[in-house]
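Shared between the two complexes below is chain A, which pairs with chain B and chain C, respectively.
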Partner chain A sequence: MWLTSKIKQVLMVAKPGVVTLKYPFVPRPAPENFRGQPYWDHHKCIGCGGCASHCPARTILVRDLCQELRVMVYDGSRCTYCGRCADVCPEKAITMTDRYELATGDKNDINETMELFMATCQRCGRCYDHETTNAIDKMTRIGYKYDNLEMRAVLPVSSEQFDMKLYEKTEKFKRPEKMGE
Partner chain B sequence: MLSTIAKKVFPRSLWVYHCNTGACNGCDIEILNVLTPYYDLERFGMKLVASPRHADVMLVSGAVTRPTLSIVKKAYDAIPSPKLVFGIGSCAVGGGCWFDCYNVTGGADKAIPVNFFVPGCPPRPEAIIYGVALALGLVEKKSAPIELKQMEFPIDMYERNKAWEDRNVIYELLK
Partner chain C sequence: MPTKDQIIKTLKDRFGSAVIGSESPKPERLFVDIKSGKVRDISNELVAMGGRYLVSVGYDSIADNGALGMIHTFAFDRDSLYIGIRTSVPADNPVMDSITPDIPNAGWSEREYADLLGMKFTGHPKPKRLILADDWPEGIYPLRKEVPWNLMPPAAEDVAYQLDECPEGCSIIPVGPYHPTLHEPAHFAVYVDGETIKGSDYRGFMTHRGIEKLCQTQLTYNEVPFVAERICGICGSVHATSYAQAVESAADITISRRAEYIRTIMLEIERIHSHLLWLGLAGHLIGFDTVFMQSWRIREPIMWLGERMTGNRKTYGMIVIGGVRRDITPEIKDDILNVIQKVEEELLVVQKAIVGDTAIHRRTKGVGYVSTQDVVKWSLVGPVARARGVDIDVRRDHPYAAYDEMKFDVPVFNSNDVWATVLVRILEVFEAIKIIRQCLDKMPNDGPVLTELAAPIEPMRHGIAAVEAPRGEVVHYVITGKENSPERWRVRAPTYPNLQGVPLMLLNNQLADVPIIIGSIDPCFSCTDRMEVVDIRTGGVKVLAQDELETLSRQIK
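So, the complex of A and B:
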């Protein structure tokens, strides 16, 4: 009786076979709609900082190195992967990737930094984005006029086609400066 | 004789002490999920032990809160000396949403030295297995710091406005 029950048990266990995943040796992709590490598209980003203000854990820090350069730092160590940054982004520049294998021995490995070139408006001295795909391009289509022709030549050029000679021409043009400088 | 053979056949069988330092039980459930037959972590020789004196590894989950801070330090001291500490979940890695709360230490690494970080809120069971396999040297490290740049600058903008940067106190806070 005892032996037959044991044999029954063994047969019961043997029926489904091995269910254990062979995970670290066989890759296992995340399911659809999984929110992994967020990733910036630096060509789409306009540097508005909406992600930074909406982040519950304040993982995204915005920092202006100078008038034209904005650095955004994503501190992945305390990110809760809630996806709010991707929700609020007006240009859909943040995507939640399916990367979850983020274990490291060093916290800096999960950080992201992004440098944005913010061209300054000639009238108000504030920043707007330099890339062609963005608001300034739409403004030129509406009828926005530049003050001098050299800036007209330089500004709507994207980063791949940046012309050094044209930029040097415009160096005599005095850019608006920050207060107190 | 038997012990030397066992050391060669079963290298690095880590015994794990699980320490909840004020977590929401999300990470704890995932840690227990890892030990189930589906994600069987015991094939790597891992075993959950009750006392820190039996353990080699301490799994810390949760941002270390003020009441648990002294207890966490005591538990860390009780583990015999070649020891590893795993920070599991966003709270243990960097403090999570509570990184600057008054009653939170802000991450396990502020209280005790942490060797491996497994971020996620909660981390998937696969992510925990990946962290363990990384510690055992079975897999390669996949994450690296990402640096994105729109353009390389022709002039050195960084140096030019260094004075402005030094004067702004709020940037010191952001660092």
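So, the complex of A and C:
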């Protein structure tokens, strides 16, 4: 029984032979529907920010510099390539390309920044005044429109109510001394 | 077998005023509100009626009623029923009875909420730290709402987890946190007498990333599936599906039948690749690398198939609340059929080659023995339980997605050892292939695969859903919240109960069998460690284990 199973194992190994691919010496194109590096078409983008408010990794940041100028930043270093942004884009301005060899020494190679000129409503111009509340501003839960572009971070909302004195109340806040000292 | 009405009636008859009320939003869900004093008796009563303990869910409702909530959940497998018993204790004196002495599997859940919510459980046999790092300051309970999601207390050195006492005359062998046989960090202290294992202690949760807290505070409903998927690198769709189903159950959302079929296909594809991966790893752990190479070779076309279907070879990103994101086109359908045909043929060859191999028999037969009674007592799940004579499978017992229309067998073995887990997993791959074929055959075309939500999800609804992952059952519990985000989201990965059974499996085995025994539960420490706390770099356990050993060795001199 032992010998027959060993013979079977030899056949099992011999039949397929070597299956290792020659990649990266032979390029290996991604399949048709691959979710690779996303690409923003600034001609199509209307700056609605839908991608930013649906991004699970919070990798798309939006900041209004003034009434007319909106900056959108895509930070590729944190992207999970889920493709949700491309799904929700109403203008199909985002496409998931087939590029996947994204290792780089400089993070900026995979970032993308767009400066969009936003039109002001000709009636009174105040509907989207960003200081008052409107439907879009209710999304501030995730820092929408006030993202910190320099820090590449969404401003945390939940920390504000934490009292640092909580630390002092704890019994072991004084860190234990090192062994042997 | 008791029905819902009978269960409520029995509880009311026996415990009278301790049962405050009950709610049954769906035929197969029942939530009973009880007073905290009777929690242990009522849990025991449910187990006596045939309930199987799933998981406990603790939550912070201080803002609403100044209390900490606790929900113990049970499954009645033959009736396709989930029961949650909800209770609460005041936040200033959060003491309740431990149910662990009778239901040992609740041990971790209770330790978890002792760590994270500051609850106290009277009568808990092992009230030690489980989730939090050893240097986390006492008195800060990260799952309470007053604590921010990104809190990082300063790290401390030389704070140690105190291992369980070593039995008389035994030596401690540390396995992990970094060890060739563990593919993820966890620390097992194995107490050996010569070569024979006399006991063990576990300290894990070194990679917990605070996912639950993060999602509760920072993400919206439909962003969570993508994070849920990343709880585990192997069974991603499982977590996403389970989460989506929990929310759909809480909010009463119906999705199209076609979407449910596609979910079923994704889950089964995942099962095929996970079991092949495990088969390879198991071979590797017992030093049989031919199996490792060949089963991973067979697995690779499945990964490529996933790439063509969903756009990624893993973390498919297919499942969101309301359905799935991509449809299955006729071309993809043919593609799937071809690939699974190939896998089936090749796995048959591997099966024939390894089932007759006496070397594998000697390494796995009789190893990791746990009696069927102990498996039931410890509520172990998945292939680990099925290899030990416990016939449970969520797909059959609590049908979800399209499993109610599928015909498949649930392989169960009675040899109670690692060998049986190998067989269970190989046979389940063939069953998975069968299910995928049925799905593709019967798939209806009844509307969009992604259903738009008609109304906002109402707050404070409870939903529970379980999905049979390759490793066992995944349980997700969701309490819906305001602001388009869950109030509480609890994940229980299959490794969570199964790891608690590892000391049983190790007992009286040989030290050399530790890798394959731990490996036989297909442990996924990242799944288990998914917890609510933002990870702080511990490292403490490793250093201290060494220190302890050094001190011990000096004492012996």
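The definition used in the following text is that the second predicted complex is superposed on the first by the 105 of 181 C-alpha atoms of A that agree within 3 Å, B and C clash if a C-alpha of one lies under 4 Å from a C-alpha of the other, contacts with A are read in each partner's own complex, and residues count from 1 in each chain.
Convention: contacts are C-beta pairs under 8 Å (C-beta built on N, C-alpha and C of every residue); 3 or more make two chains touch, one makes a residue touch a chain.
Everything numeric here is computed off the predicted structure, so don't read it as measured data.
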| item | value |
| --- | --- |
| Chain B versus chain C as contact partner of A:Met12, first or second or both or neither | second |
| Partner chain in contact with A:Ala30 - chain B first, chain C second, else both or neither | both |
| Which superposed partner A:Pro56 touches (first chain B, second chain C, both, neither) | both |
| Partner chain in contact with A:Thr104 - chain B first, chain C second, else both or neither | first |
| First, second, both or neither for A:Thr80, with chain B first and chain C second | both |
| Those residues of chain A which chain B touches in one complex and chain C touches in the other | 19, 30, 56-58, 80-82, 159, 162, 167, 178 |
| Chain A - residues contacting chain B, complex | 19-21, 23-25, 28, 30, 37, 39-40, 42-43, 56-58, 61, 63, 65-69, 73, 75-82, 99-105, 107-117, 130-131, 159, 162, 164, 167-168, 178, 180-181 |
| Residues of chain B that touch chain A when the two form their complex | 37-40, 43, 90, 93-97, 99, 107, 109, 115-121, 123-124, 126-127, 129-131, 133-134, 138-139, 141-151, 153-154, 157-158, 160-161, 163-165, 167, 171, 174 |
| Footprint of chain A on chain C - complex, ascending | 135, 137-140, 146-151, 153-154, 156-159, 217-220, 222-224, 226-227, 230, 290, 293-294, 297, 300, 304, 307-312, 315, 317, 325-326, 349-350, 352-359, 483-485, 547 |
| Footprint of chain C on chain A - complex, ascending | 1-2, 4-6, 8-9, 11-13, 15-16, 19, 30-35, 53-58, 80-84, 87, 96, 141-142, 156-159, 161-163, 166-167, 169-173, 175-179 |
